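Two complexes follow with chain A in common, the first pairing it with chain B and the second with chain C.
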Partner chain A sequence: MDFFNSMNVSASALSAERTRMNLISSNLANANTTRTPEGGAYKRKDAVFAATPMRDSFDKVLNNAANRDIRQVKVMQVIEDQNPPRLQYDPSHPDANAQGYVALPNVNVVEEMADMINTTRSYEANVTAIQAAKGMAMKALEISSK
Partner chain B sequence: MPIDGIFNTTIDLLGKNIDLRVKNQNLISSNIANAETPNYVPKSLAFEDELQGALKGGHKGTPSVTDPRHIPLKGTKDRLQSVTGRVLETPAETPGKDGNAVELENEMTKMSENQIMYNASVQILSKKFAGIRAAISGGSGGN
Partner chain C sequence: MEIKGIESGLGIGKVFSDGGAGKIAAPAEGAGKFFNELVSKVNDLQVQSDKAIQGLASGENKNLHEVMISMEKASISFQFMSTVRDKALAAYQEVMRMQV
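== the complex of A and B ==
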(Lines of atoms letter the chains of each structure in order from A and count residues from 1; the text may use other names and numbers.)
(Lines give C-alpha, C1' and ligand atoms only; values in the text may rest on other atoms or scores of the structure.)
Protein backbone atom coordinates (compact mmCIF):
# COMPACT_ATOMS: atom_id res chain seq x y z
CA MET A 1 0.00 0.00 0.00
CA ASP A 2 1.21 3.43 -0.92
CA PHE A 3 0.93 4.97 2.52
CA PHE A 4 3.31 2.41 3.95
CA ASN A 5 5.97 3.41 1.41
CA SER A 6 5.74 6.94 2.70
CA MET A 7 5.91 5.79 6.31
CA ASN A 8 8.83 3.44 5.63
CA VAL A 9 10.80 6.24 4.00
CA SER A 10 10.20 8.51 6.99
CA ALA A 11 11.06 5.68 9.37
CA SER A 12 14.38 5.12 7.60
CA ALA A 13 15.15 8.80 8.14
CA LEU A 14 14.20 8.59 11.83
CA SER A 15 16.63 5.73 12.32
CA ALA A 16 19.40 7.54 10.39
CA GLU A 17 18.89 10.72 12.41
CA ARG A 18 18.97 8.72 15.63
CA THR A 19 22.29 7.16 14.58
CA ARG A 20 23.64 10.65 13.98
CA MET A 21 22.31 11.80 17.35
CA ASN A 22 24.15 8.88 19.01
CA LEU A 23 27.38 9.93 17.32
CA ILE A 24 26.89 13.55 18.45
CA SER A 25 26.33 12.37 22.04
CA SER A 26 29.47 10.27 21.76
CA ASN A 27 31.44 13.27 20.45
CA LEU A 28 30.19 15.53 23.25
CA ALA A 29 30.79 12.92 25.95
CA ASN A 30 34.35 12.41 24.70
CA ALA A 31 35.20 16.06 24.08
CA ASN A 32 38.09 15.75 26.55
CA THR A 33 39.04 12.06 26.25
CA THR A 34 42.77 11.59 25.69
CA ARG A 35 42.91 7.79 25.81
CA THR A 36 41.17 5.40 23.39
CA PRO A 37 41.62 1.67 22.62
CA GLU A 38 43.14 2.69 19.25
CA GLY A 39 45.60 4.89 21.09
CA GLY A 40 45.77 8.66 21.16
CA ALA A 41 42.99 11.18 21.64
CA TYR A 42 39.37 10.54 20.65
CA LYS A 43 38.51 11.49 17.08
CA ARG A 44 35.22 13.18 16.14
CA LYS A 45 32.80 10.80 14.38
CA ASP A 46 30.21 11.63 11.75
CA ALA A 47 27.61 9.66 9.78
CA VAL A 48 27.51 9.64 5.96
CA PHE A 49 23.96 9.59 4.61
CA ALA A 50 23.01 8.17 1.22
CA ALA A 51 19.69 8.13 -0.64
CA THR A 52 18.85 4.55 -1.62
CA PRO A 53 15.94 3.37 -3.80
CA MET A 54 13.11 1.45 -2.16
CA ARG A 55 13.42 -1.69 -4.21
CA ASP A 56 13.89 -4.46 -1.73
CA SER A 57 10.96 -6.60 -2.82
CA PHE A 58 9.43 -7.87 -6.04
CA ASP A 59 6.24 -6.02 -5.28
CA LYS A 60 8.07 -2.72 -5.27
CA VAL A 61 9.84 -3.40 -8.57
CA LEU A 62 6.43 -3.72 -10.17
CA ASN A 63 5.33 -0.36 -8.84
CA ASN A 64 4.81 2.50 -11.24
CA ALA A 65 7.08 5.35 -12.21
CA ALA A 66 6.06 7.68 -9.39
CA ASN A 67 7.14 5.14 -6.80
CA ARG A 68 10.50 4.51 -8.47
CA ASP A 69 11.56 8.01 -7.52
CA ILE A 70 11.12 7.47 -3.82
CA ARG A 71 14.40 7.32 -1.92
CA GLN A 72 14.91 6.19 1.63
CA VAL A 73 17.92 7.31 3.60
CA LYS A 74 20.61 5.03 4.96
CA VAL A 75 23.72 5.54 7.04
CA MET A 76 26.37 4.25 4.63
CA GLN A 77 29.35 4.57 6.97
CA VAL A 78 30.62 6.26 10.06
CA ILE A 79 33.72 8.33 9.36
CA GLU A 80 36.36 9.66 11.74
CA ASP A 81 37.26 13.31 11.41
CA GLN A 82 40.93 13.38 10.31
CA ASN A 83 41.58 16.95 11.45
CA PRO A 84 44.58 17.26 13.82
CA PRO A 85 43.92 17.14 17.58
CA ARG A 86 43.80 20.30 19.65
CA LEU A 87 47.12 20.82 21.46
CA GLN A 88 47.02 22.27 24.95
CA TYR A 89 50.05 23.10 27.09
CA ASP A 90 49.75 21.13 30.35
CA PRO A 91 53.07 19.49 31.41
CA SER A 92 51.46 17.95 34.51
CA HIS A 93 49.04 15.85 32.43
CA PRO A 94 50.03 12.15 32.26
CA ASP A 95 49.41 12.11 28.48
CA ALA A 96 51.51 15.20 27.77
CA ASN A 97 54.26 14.78 25.16
CA ALA A 98 57.95 15.65 25.60
CA GLN A 99 57.23 19.33 24.92
CA GLY A 100 54.51 19.38 27.57
CA TYR A 101 51.55 19.50 25.12
CA VAL A 102 48.45 17.30 25.53
CA ALA A 103 46.61 16.16 22.38
CA LEU A 104 42.89 16.76 23.00
CA PRO A 105 40.09 15.46 20.71
CA ASN A 106 39.29 17.44 17.55
CA VAL A 107 35.73 17.93 18.82
CA ASN A 108 34.30 21.44 18.63
CA VAL A 109 31.54 21.53 21.26
CA VAL A 110 29.73 24.50 19.65
CA GLU A 111 29.68 22.72 16.29
CA GLU A 112 28.30 19.58 17.90
CA MET A 113 25.52 21.56 19.60
CA ALA A 114 24.55 23.12 16.26
CA ASP A 115 24.54 19.65 14.64
CA MET A 116 22.39 18.39 17.49
CA ILE A 117 19.74 21.07 16.91
CA ASN A 118 19.82 20.28 13.18
CA THR A 119 19.34 16.57 13.86
CA THR A 120 16.48 17.21 16.29
CA ARG A 121 14.66 19.39 13.75
CA SER A 122 15.09 16.81 10.96
CA TYR A 123 13.78 14.12 13.27
CA GLU A 124 10.72 16.23 14.11
CA ALA A 125 10.07 16.94 10.42
CA ASN A 126 10.01 13.22 9.70
CA VAL A 127 7.69 12.54 12.63
CA THR A 128 5.35 15.19 11.17
CA ALA A 129 5.55 13.45 7.77
CA ILE A 130 4.57 10.13 9.35
CA GLN A 131 1.65 11.79 11.15
CA ALA A 132 0.54 13.36 7.87
CA ALA A 133 0.59 10.01 6.06
CA LYS A 134 -1.26 8.38 8.94
CA GLY A 135 -3.85 11.16 8.96
CA MET A 136 -4.41 10.73 5.23
CA ALA A 137 -4.82 6.95 5.57
CA MET A 138 -7.31 7.39 8.40
CA LYS A 139 -9.19 10.05 6.42
CA ALA A 140 -9.57 7.61 3.50
CA LEU A 141 -11.42 5.26 5.85
CA GLU A 142 -14.01 7.98 6.39
CA ILE A 143 -15.20 7.79 2.77
CA SER A 144 -18.81 6.58 2.81
CA SER A 145 -18.90 6.07 6.55
CA LYS A 146 -21.81 8.51 6.89
CA MET B 1 -31.56 7.38 -15.48
CA PRO B 2 -28.43 5.52 -16.46
CA ILE B 3 -26.09 4.38 -13.72
CA ASP B 4 -23.39 6.58 -15.30
CA GLY B 5 -25.53 9.52 -14.33
CA ILE B 6 -25.28 8.64 -10.66
CA PHE B 7 -21.62 7.74 -10.59
CA ASN B 8 -20.55 10.52 -12.90
CA THR B 9 -17.03 11.69 -13.65
CA THR B 10 -16.79 13.67 -10.41
CA ILE B 11 -16.35 10.48 -8.43
CA ASP B 12 -13.70 9.17 -10.85
CA LEU B 13 -11.96 12.52 -10.81
CA LEU B 14 -11.92 12.71 -7.01
CA GLY B 15 -10.72 9.11 -6.76
CA LYS B 16 -7.85 9.78 -9.17
CA ASN B 17 -7.01 13.00 -7.37
CA ILE B 18 -6.78 11.15 -4.04
CA ASP B 19 -4.59 8.51 -5.67
CA LEU B 20 -2.17 11.07 -7.11
CA ARG B 21 -2.07 13.03 -3.83
CA VAL B 22 -0.88 9.86 -2.08
CA LYS B 23 1.91 9.46 -4.66
CA ASN B 24 2.88 13.10 -4.15
CA GLN B 25 2.93 12.51 -0.38
CA ASN B 26 5.37 9.63 -0.95
CA LEU B 27 7.73 11.90 -2.88
CA ILE B 28 7.48 14.66 -0.26
CA SER B 29 8.29 12.21 2.57
CA SER B 30 11.24 11.04 0.51
CA ASN B 31 12.42 14.67 0.25
CA ILE B 32 12.02 15.26 3.99
CA ALA B 33 13.79 11.98 4.80
CA ASN B 34 16.73 13.02 2.61
CA ALA B 35 16.91 16.61 3.88
CA GLU B 36 20.46 15.88 5.14
CA THR B 37 21.69 13.58 2.35
CA PRO B 38 24.52 15.00 0.23
CA ASN B 39 23.74 15.63 -3.48
CA TYR B 40 20.04 14.78 -3.09
CA VAL B 41 17.67 16.68 -5.40
CA PRO B 42 14.02 16.90 -4.24
CA LYS B 43 11.22 15.73 -6.54
CA SER B 44 7.53 16.38 -6.75
CA LEU B 45 4.58 15.13 -8.77
CA ALA B 46 2.87 17.51 -11.22
CA PHE B 47 -0.53 16.28 -12.34
CA GLU B 48 -3.05 19.14 -12.07
CA ASP B 49 -2.82 20.21 -15.71
CA GLU B 50 -2.83 16.63 -16.94
CA LEU B 51 -5.91 15.85 -14.85
CA GLN B 52 -7.65 18.94 -16.12
CA GLY B 53 -6.74 17.99 -19.69
CA ALA B 54 -8.15 14.50 -19.20
CA LEU B 55 -11.38 15.97 -17.90
CA LYS B 56 -11.77 18.41 -20.78
CA GLY B 57 -10.68 15.95 -23.42
CA GLY B 58 -8.22 16.58 -26.18
CA HIS B 59 -5.41 15.40 -23.98
CA LYS B 60 -2.43 13.69 -25.64
CA GLY B 61 -3.94 13.82 -29.11
CA THR B 62 -7.33 12.38 -28.21
CA PRO B 63 -10.04 14.19 -30.15
CA SER B 64 -11.91 16.56 -27.91
CA VAL B 65 -15.67 16.45 -27.51
CA THR B 66 -16.98 19.86 -28.46
CA ASP B 67 -20.56 18.87 -29.14
CA PRO B 68 -22.85 16.65 -27.05
CA ARG B 69 -23.62 14.60 -30.18
CA HIS B 70 -19.95 13.67 -30.67
CA ILE B 71 -19.02 10.13 -29.79
CA PRO B 72 -15.79 10.29 -27.76
CA LEU B 73 -13.08 7.91 -29.02
CA LYS B 74 -11.94 7.28 -25.51
CA GLY B 75 -14.20 7.89 -22.55
CA THR B 76 -13.43 10.51 -19.94
CA LYS B 77 -13.26 7.71 -17.41
CA ASP B 78 -10.44 5.93 -19.29
CA ARG B 79 -8.63 9.20 -19.84
CA LEU B 80 -8.84 9.99 -16.13
CA GLN B 81 -7.55 6.54 -15.24
CA SER B 82 -4.54 6.91 -17.52
CA VAL B 83 -3.30 10.08 -15.79
CA THR B 84 -0.05 9.29 -13.98
CA GLY B 85 1.48 12.71 -13.44
CA ARG B 86 5.07 13.73 -14.13
CA VAL B 87 7.87 13.54 -11.59
CA LEU B 88 9.70 16.87 -11.63
CA GLU B 89 12.97 17.74 -9.95
CA THR B 90 12.45 20.82 -7.79
CA PRO B 91 15.89 21.86 -6.47
CA ALA B 92 16.25 24.84 -4.15
CA GLU B 93 17.79 27.93 -5.72
CA THR B 94 20.76 27.82 -3.39
CA PRO B 95 21.88 24.24 -2.67
CA GLY B 96 24.04 23.74 0.40
CA LYS B 97 27.77 23.07 0.39
CA ASP B 98 27.11 19.31 0.28
CA GLY B 99 25.01 19.63 -2.90
CA ASN B 100 21.76 18.94 -1.06
CA ALA B 101 18.96 20.92 -2.69
CA VAL B 102 16.14 20.29 -0.18
CA GLU B 103 14.53 23.23 1.59
CA LEU B 104 12.79 21.78 4.63
CA GLU B 105 10.37 24.71 5.02
CA ASN B 106 9.37 24.37 1.40
CA GLU B 107 8.76 20.63 1.75
CA MET B 108 6.72 21.04 4.95
CA THR B 109 4.56 23.66 3.20
CA LYS B 110 4.09 21.40 0.20
CA MET B 111 3.18 18.55 2.53
CA SER B 112 0.46 20.49 4.36
CA GLU B 113 -0.89 21.81 1.07
CA ASN B 114 -1.00 18.28 -0.32
CA GLN B 115 -2.68 17.03 2.87
CA ILE B 116 -5.34 19.75 2.79
CA MET B 117 -6.13 19.07 -0.87
CA TYR B 118 -6.31 15.34 -0.11
CA ASN B 119 -8.67 15.91 2.82
CA ALA B 120 -10.80 18.21 0.69
CA SER B 121 -11.14 15.54 -2.02
CA VAL B 122 -12.04 12.88 0.56
CA GLN B 123 -14.59 15.25 2.11
CA ILE B 124 -16.26 16.01 -1.22
CA LEU B 125 -16.26 12.32 -2.14
CA SER B 126 -17.95 11.47 1.18
CA LYS B 127 -20.57 14.17 0.61
CA LYS B 128 -21.12 12.85 -2.90
CA PHE B 129 -21.83 9.37 -1.55
CA ALA B 130 -23.97 10.82 1.23
CA GLY B 131 -26.01 12.63 -1.40
CA ILE B 132 -26.56 9.40 -3.35
CA ARG B 133 -27.50 7.64 -0.12
CA ALA B 134 -30.01 10.38 0.69
CA ALA B 135 -31.53 9.98 -2.78
CA ILE B 136 -31.83 6.22 -2.35
CA SER B 137 -33.53 6.53 1.02
CA GLY B 138 -35.86 9.22 -0.31
CA GLY B 139 -34.25 11.88 1.83
CA SER B 140 -35.64 10.37 5.00
CA GLY B 141 -32.17 10.00 6.42
CA GLY B 142 -32.85 6.33 7.08
CA ASN B 143 -30.22 3.63 6.87
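== the complex of A and C ==
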Protein backbone atom coordinates (compact mmCIF):
# COMPACT_ATOMS: atom_id res chain seq x y z
CA MET A 1 0.00 0.00 0.00
CA ASP A 2 1.76 3.10 -1.19
CA PHE A 3 -0.25 5.47 0.98
CA PHE A 4 1.52 3.96 3.96
CA ASN A 5 4.85 5.17 2.63
CA SER A 6 3.57 8.72 2.45
CA MET A 7 2.22 8.37 5.98
CA ASN A 8 5.56 7.02 7.24
CA VAL A 9 7.40 10.00 5.77
CA SER A 10 4.99 12.41 7.46
CA ALA A 11 5.32 10.44 10.71
CA SER A 12 9.08 10.95 10.64
CA ALA A 13 8.49 14.68 10.19
CA LEU A 14 6.12 14.73 13.16
CA SER A 15 8.73 13.02 15.34
CA ALA A 16 11.43 15.47 14.24
CA GLU A 17 9.23 18.51 14.91
CA ARG A 18 8.32 17.16 18.34
CA THR A 19 12.01 16.78 19.17
CA ARG A 20 12.57 20.37 18.08
CA MET A 21 9.65 21.47 20.23
CA ASN A 22 11.21 19.75 23.21
CA LEU A 23 14.45 21.62 22.60
CA ILE A 24 12.60 24.93 22.32
CA SER A 25 10.84 24.20 25.61
CA SER A 26 14.19 23.46 27.19
CA ASN A 27 15.58 26.74 25.86
CA LEU A 28 12.63 28.75 27.15
CA ALA A 29 12.67 27.06 30.54
CA ASN A 30 16.40 27.69 30.95
CA ALA A 31 16.44 31.24 29.62
CA ASN A 32 17.84 32.49 32.93
CA THR A 33 19.82 29.47 34.09
CA THR A 34 23.32 30.34 35.23
CA ARG A 35 24.37 26.89 36.43
CA THR A 36 24.54 23.68 34.39
CA PRO A 37 26.05 20.25 35.11
CA GLU A 38 28.53 20.91 32.31
CA GLY A 39 29.63 24.12 33.98
CA GLY A 40 28.87 27.70 33.05
CA ALA A 41 25.63 29.19 31.87
CA TYR A 42 23.03 27.33 29.82
CA LYS A 43 23.75 27.28 26.10
CA ARG A 44 20.92 27.47 23.61
CA LYS A 45 20.29 24.11 21.91
CA ASP A 46 19.15 23.49 18.36
CA ALA A 47 18.42 20.40 16.29
CA VAL A 48 20.01 19.49 12.99
CA PHE A 49 17.62 17.80 10.56
CA ALA A 50 18.85 15.49 7.83
CA ALA A 51 17.04 13.80 4.96
CA THR A 52 17.43 10.03 5.00
CA PRO A 53 16.09 7.59 2.44
CA MET A 54 13.18 5.34 3.30
CA ARG A 55 14.05 2.50 5.62
CA ASP A 56 12.52 -0.09 3.34
CA SER A 57 14.37 -3.12 2.10
CA PHE A 58 16.89 -2.23 -0.56
CA ASP A 59 15.35 -3.87 -3.60
CA LYS A 60 11.87 -2.62 -2.79
CA VAL A 61 13.17 0.94 -2.72
CA LEU A 62 15.05 0.57 -6.00
CA ASN A 63 12.26 -1.12 -7.89
CA ASN A 64 9.57 1.34 -7.00
CA ALA A 65 10.18 4.56 -8.90
CA ALA A 66 7.69 6.39 -6.75
CA ASN A 67 9.68 5.64 -3.59
CA ARG A 68 13.19 6.06 -4.89
CA ASP A 69 13.44 9.78 -4.27
CA ILE A 70 11.41 10.07 -1.10
CA ARG A 71 13.37 11.20 1.91
CA GLN A 72 12.45 10.90 5.55
CA VAL A 73 13.47 13.47 8.13
CA LYS A 74 15.75 12.55 10.98
CA VAL A 75 17.28 14.57 13.79
CA MET A 76 21.00 13.96 13.25
CA GLN A 77 22.34 15.79 16.24
CA VAL A 78 21.60 18.42 18.83
CA ILE A 79 24.05 21.32 18.59
CA GLU A 80 24.75 24.01 21.11
CA ASP A 81 24.71 27.62 20.06
CA GLN A 82 28.26 28.95 20.23
CA ASN A 83 27.31 32.62 20.65
CA PRO A 84 28.85 34.17 23.75
CA PRO A 85 26.63 34.39 26.83
CA ARG A 86 24.98 37.63 27.93
CA LEU A 87 26.97 39.37 30.62
CA GLN A 88 25.13 41.21 33.33
CA TYR A 89 26.73 43.20 36.07
CA ASP A 90 25.64 41.79 39.45
CA PRO A 91 28.50 41.29 41.97
CA SER A 92 26.16 39.95 44.65
CA HIS A 93 25.16 36.96 42.52
CA PRO A 94 26.77 33.67 43.68
CA ASP A 95 27.76 32.88 40.06
CA ALA A 96 29.38 36.23 39.36
CA ASN A 97 32.91 36.08 37.99
CA ALA A 98 35.90 38.06 39.24
CA GLN A 99 34.78 41.28 37.51
CA GLY A 100 31.27 40.95 38.98
CA TYR A 101 29.58 39.88 35.75
CA VAL A 102 27.10 37.02 35.63
CA ALA A 103 26.98 34.95 32.42
CA LEU A 104 23.38 34.54 31.40
CA PRO A 105 22.25 32.16 28.63
CA ASN A 106 22.35 33.32 25.04
CA VAL A 107 18.64 32.51 24.64
CA ASN A 108 16.58 35.17 22.88
CA VAL A 109 13.01 34.60 24.03
CA VAL A 110 11.48 36.32 21.02
CA GLU A 111 13.45 34.11 18.63
CA GLU A 112 12.39 31.03 20.55
CA MET A 113 8.74 32.04 20.32
CA ALA A 114 9.10 32.53 16.57
CA ASP A 115 10.76 29.11 16.29
CA MET A 116 7.95 27.63 18.33
CA ILE A 117 5.32 29.04 15.97
CA ASN A 118 7.33 27.70 13.05
CA THR A 119 7.50 24.24 14.59
CA THR A 120 3.78 24.23 15.39
CA ARG A 121 2.83 25.20 11.86
CA SER A 122 5.16 22.60 10.42
CA TYR A 123 3.59 19.96 12.68
CA GLU A 124 0.11 20.98 11.55
CA ALA A 125 1.17 20.92 7.91
CA ASN A 126 2.39 17.35 8.26
CA VAL A 127 -0.81 16.29 9.99
CA THR A 128 -2.73 17.79 7.08
CA ALA A 129 -0.55 15.81 4.68
CA ILE A 130 -1.42 12.60 6.53
CA GLN A 131 -5.10 13.46 6.40
CA ALA A 132 -4.84 14.15 2.68
CA ALA A 133 -3.16 10.78 2.08
CA LYS A 134 -5.87 9.07 4.11
CA GLY A 135 -8.57 10.96 2.16
CA MET A 136 -7.08 9.76 -1.11
CA ALA A 137 -7.08 6.18 0.09
CA MET A 138 -10.73 6.45 1.15
CA LYS A 139 -11.65 7.97 -2.21
CA ALA A 140 -9.98 5.07 -3.95
CA LEU A 141 -12.13 2.71 -1.89
CA GLU A 142 -15.17 4.64 -3.08
CA ILE A 143 -14.53 3.45 -6.62
CA SER A 144 -16.31 0.25 -5.74
CA SER A 145 -19.32 1.86 -4.12
CA LYS A 146 -22.24 2.96 -6.26
CA MET B 1 -8.56 -23.61 -41.56
CA GLU B 2 -7.72 -24.31 -38.03
CA ILE B 3 -10.44 -23.83 -35.48
CA LYS B 4 -8.87 -22.05 -32.61
CA GLY B 5 -10.47 -21.31 -29.31
CA ILE B 6 -11.93 -17.83 -28.80
CA GLU B 7 -9.26 -16.94 -26.30
CA SER B 8 -6.28 -17.53 -28.53
CA GLY B 9 -8.01 -15.94 -31.53
CA LEU B 10 -8.47 -12.56 -29.90
CA GLY B 11 -5.23 -12.70 -27.96
CA ILE B 12 -7.02 -12.55 -24.65
CA GLY B 13 -5.38 -15.76 -23.56
CA LYS B 14 -1.94 -14.27 -24.20
CA VAL B 15 -2.73 -11.17 -22.16
CA PHE B 16 -3.67 -13.12 -19.09
CA SER B 17 -1.60 -16.23 -19.65
CA ASP B 18 1.19 -15.46 -17.21
CA GLY B 19 -0.92 -14.43 -14.27
CA GLY B 20 -4.03 -16.33 -15.15
CA ALA B 21 -2.63 -19.77 -15.79
CA GLY B 22 -2.68 -20.73 -12.18
CA LYS B 23 -5.99 -19.04 -11.58
CA ILE B 24 -7.80 -20.60 -14.51
CA ALA B 25 -6.72 -24.01 -13.30
CA ALA B 26 -8.17 -23.55 -9.83
CA PRO B 27 -10.02 -20.23 -9.50
CA ALA B 28 -11.55 -21.06 -6.14
CA GLU B 29 -8.15 -21.90 -4.63
CA GLY B 30 -6.46 -18.76 -5.98
CA ALA B 31 -9.13 -16.41 -4.69
CA GLY B 32 -9.21 -18.15 -1.34
CA LYS B 33 -5.45 -17.92 -0.90
CA PHE B 34 -5.44 -14.25 -1.87
CA PHE B 35 -8.17 -13.53 0.63
CA ASN B 36 -6.35 -15.45 3.36
CA GLU B 37 -3.20 -13.42 2.77
CA LEU B 38 -5.20 -10.21 2.83
CA VAL B 39 -6.87 -11.19 6.09
CA SER B 40 -3.56 -12.07 7.72
CA LYS B 41 -2.04 -8.75 6.60
CA VAL B 42 -5.00 -6.85 8.01
CA ASN B 43 -4.72 -8.83 11.21
CA ASP B 44 -1.03 -7.93 11.51
CA LEU B 45 -1.85 -4.26 11.16
CA GLN B 46 -4.59 -4.53 13.79
CA VAL B 47 -2.26 -6.31 16.21
CA GLN B 48 0.40 -3.65 15.64
CA SER B 49 -2.08 -0.89 16.33
CA ASP B 50 -3.24 -2.68 19.50
CA LYS B 51 0.32 -2.96 20.74
CA ALA B 52 0.95 0.70 19.97
CA ILE B 53 -2.14 1.75 21.94
CA GLN B 54 -1.11 -0.39 24.89
CA GLY B 55 2.39 1.05 24.73
CA LEU B 56 1.02 4.58 24.79
CA ALA B 57 -1.31 3.82 27.71
CA SER B 58 1.46 2.20 29.75
CA GLY B 59 3.81 5.07 29.00
CA GLU B 60 6.61 3.19 27.27
CA ASN B 61 5.70 4.55 23.83
CA LYS B 62 5.68 8.31 23.95
CA ASN B 63 4.82 8.95 20.30
CA LEU B 64 1.17 9.85 20.12
CA HIS B 65 1.26 10.43 16.37
CA GLU B 66 2.74 6.99 15.69
CA VAL B 67 -0.18 5.39 17.54
CA MET B 68 -2.72 7.45 15.60
CA ILE B 69 -1.08 6.62 12.29
CA SER B 70 -0.98 2.89 13.00
CA MET B 71 -4.66 3.07 13.97
CA GLU B 72 -5.45 4.77 10.67
CA LYS B 73 -3.49 2.18 8.70
CA ALA B 74 -5.40 -0.63 10.41
CA SER B 75 -8.70 1.10 9.72
CA ILE B 76 -7.95 1.74 6.04
CA SER B 77 -6.82 -1.82 5.38
CA PHE B 78 -9.84 -3.20 7.23
CA GLN B 79 -12.20 -1.13 5.10
CA PHE B 80 -10.37 -2.30 2.01
CA MET B 81 -10.82 -5.91 3.10
CA SER B 82 -14.55 -5.47 3.70
CA THR B 83 -14.89 -3.85 0.26
CA VAL B 84 -13.15 -6.85 -1.29
CA ARG B 85 -15.51 -9.14 0.62
CA ASP B 86 -18.53 -7.20 -0.65
CA LYS B 87 -17.32 -7.53 -4.20
CA ALA B 88 -16.69 -11.24 -3.82
CA LEU B 89 -20.14 -11.78 -2.35
CA ALA B 90 -21.76 -9.74 -5.11
CA ALA B 91 -19.96 -11.77 -7.75
CA TYR B 92 -21.05 -14.99 -6.07
CA GLN B 93 -24.66 -13.88 -5.92
CA GLU B 94 -24.48 -12.83 -9.55
CA VAL B 95 -23.35 -16.31 -10.46
CA MET B 96 -26.05 -17.96 -8.35
CA ARG B 97 -28.68 -15.84 -10.05
CA MET B 98 -27.91 -17.37 -13.42
CA GLN B 99 -30.79 -19.39 -14.78
CA VAL B 100 -29.91 -23.03 -15.26
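As a working rule, the second predicted complex is superposed on the first by the 139 of 146 C-alpha atoms of A that agree within 3 Å, B and C clash if a C-alpha of one lies under 4 Å from a C-alpha of the other, contacts with A are read in each partner's own complex, and residues count from 1 in each chain.
Everything that follows uses one rule, which is that a residue touches a chain if its C-beta (ideal position, glycine included) is under 8 Å from a C-beta of that chain, and two chains touch if they have at least 3 such contacts.
Since the structure is predicted, the reported quantities are computational estimates derived from the model, not experimental observations.
**Student:** Quick one: classify A:15 as touching chain B (first), chain C (second), both or neither.
**Tutor:** A:15: touches chain C, not chain B.
**Student:** Considering only the touch criterion stated at the top, classify A:125 as touching first (chain B), second (chain C), both, or neither.
**Tutor:** A:125 sits against chain B, while chain C stays out of touch.
**Student:** Compare chain B and chain C by how many residues of chain A each one touches, and report the one with more.
**Tutor:** Counted on chain A, the partner with more touching residues turns out to be B.
**Student:** Using the touch definition from the top, say if A:3 reaches chain B (first), chain C (second), both or neither.
**Tutor:** both
**Student:** Going by the contact rule set out at the top, does A:36 touch chain B (first), chain C (second), both, or neither?
**Tutor:** neither
**Student:** Touch check for A:139: first (chain B), second (chain C), both, or neither?
**Tutor:** The answer is first: A:139 touches chain B but not chain C.
**Student:** Is there a shared patch on chain A that both chain B and chain C touch, and which residues make it up?
**Tutor:** Common interface on chain A, chain B vs chain C: 3, 7, 10, 130, 144-145.
**Student:** Residue numbers of chain A touching chain C in their complex, please.
**Tutor:** 1, 3-4, 7-8, 10-11, 14-15, 18, 127, 130, 134, 137-138, 141, 144-145
**Student:** So in the complex, which bits of chain A are touching chain B?
**Tutor:** 2-3, 5-7, 9-10, 12-13, 16-17, 20, 48-51, 64-67, 69-73, 118, 121-122, 125-126, 128-130, 132-133, 135-136, 139-140, 142-146
**Student:** Which bits of chain B are touching chain A when the two form their complex?
**Tutor:** Within the complex, chain B touches chain A at residues 18, 21-23, 25-30, 32-38, 40, 43, 45, 84-85, 87, 104, 107-108, 111-112, 115, 118-119, 122, 125-126, 129-130.
**Student:** Given the complex with chain A, which residues does chain C contribute to the contact?
**Tutor:** Per the stated touch rule, the residues are 63, 65-66, 69, 72-73, 76-77, 79-80, 83, 86-87.
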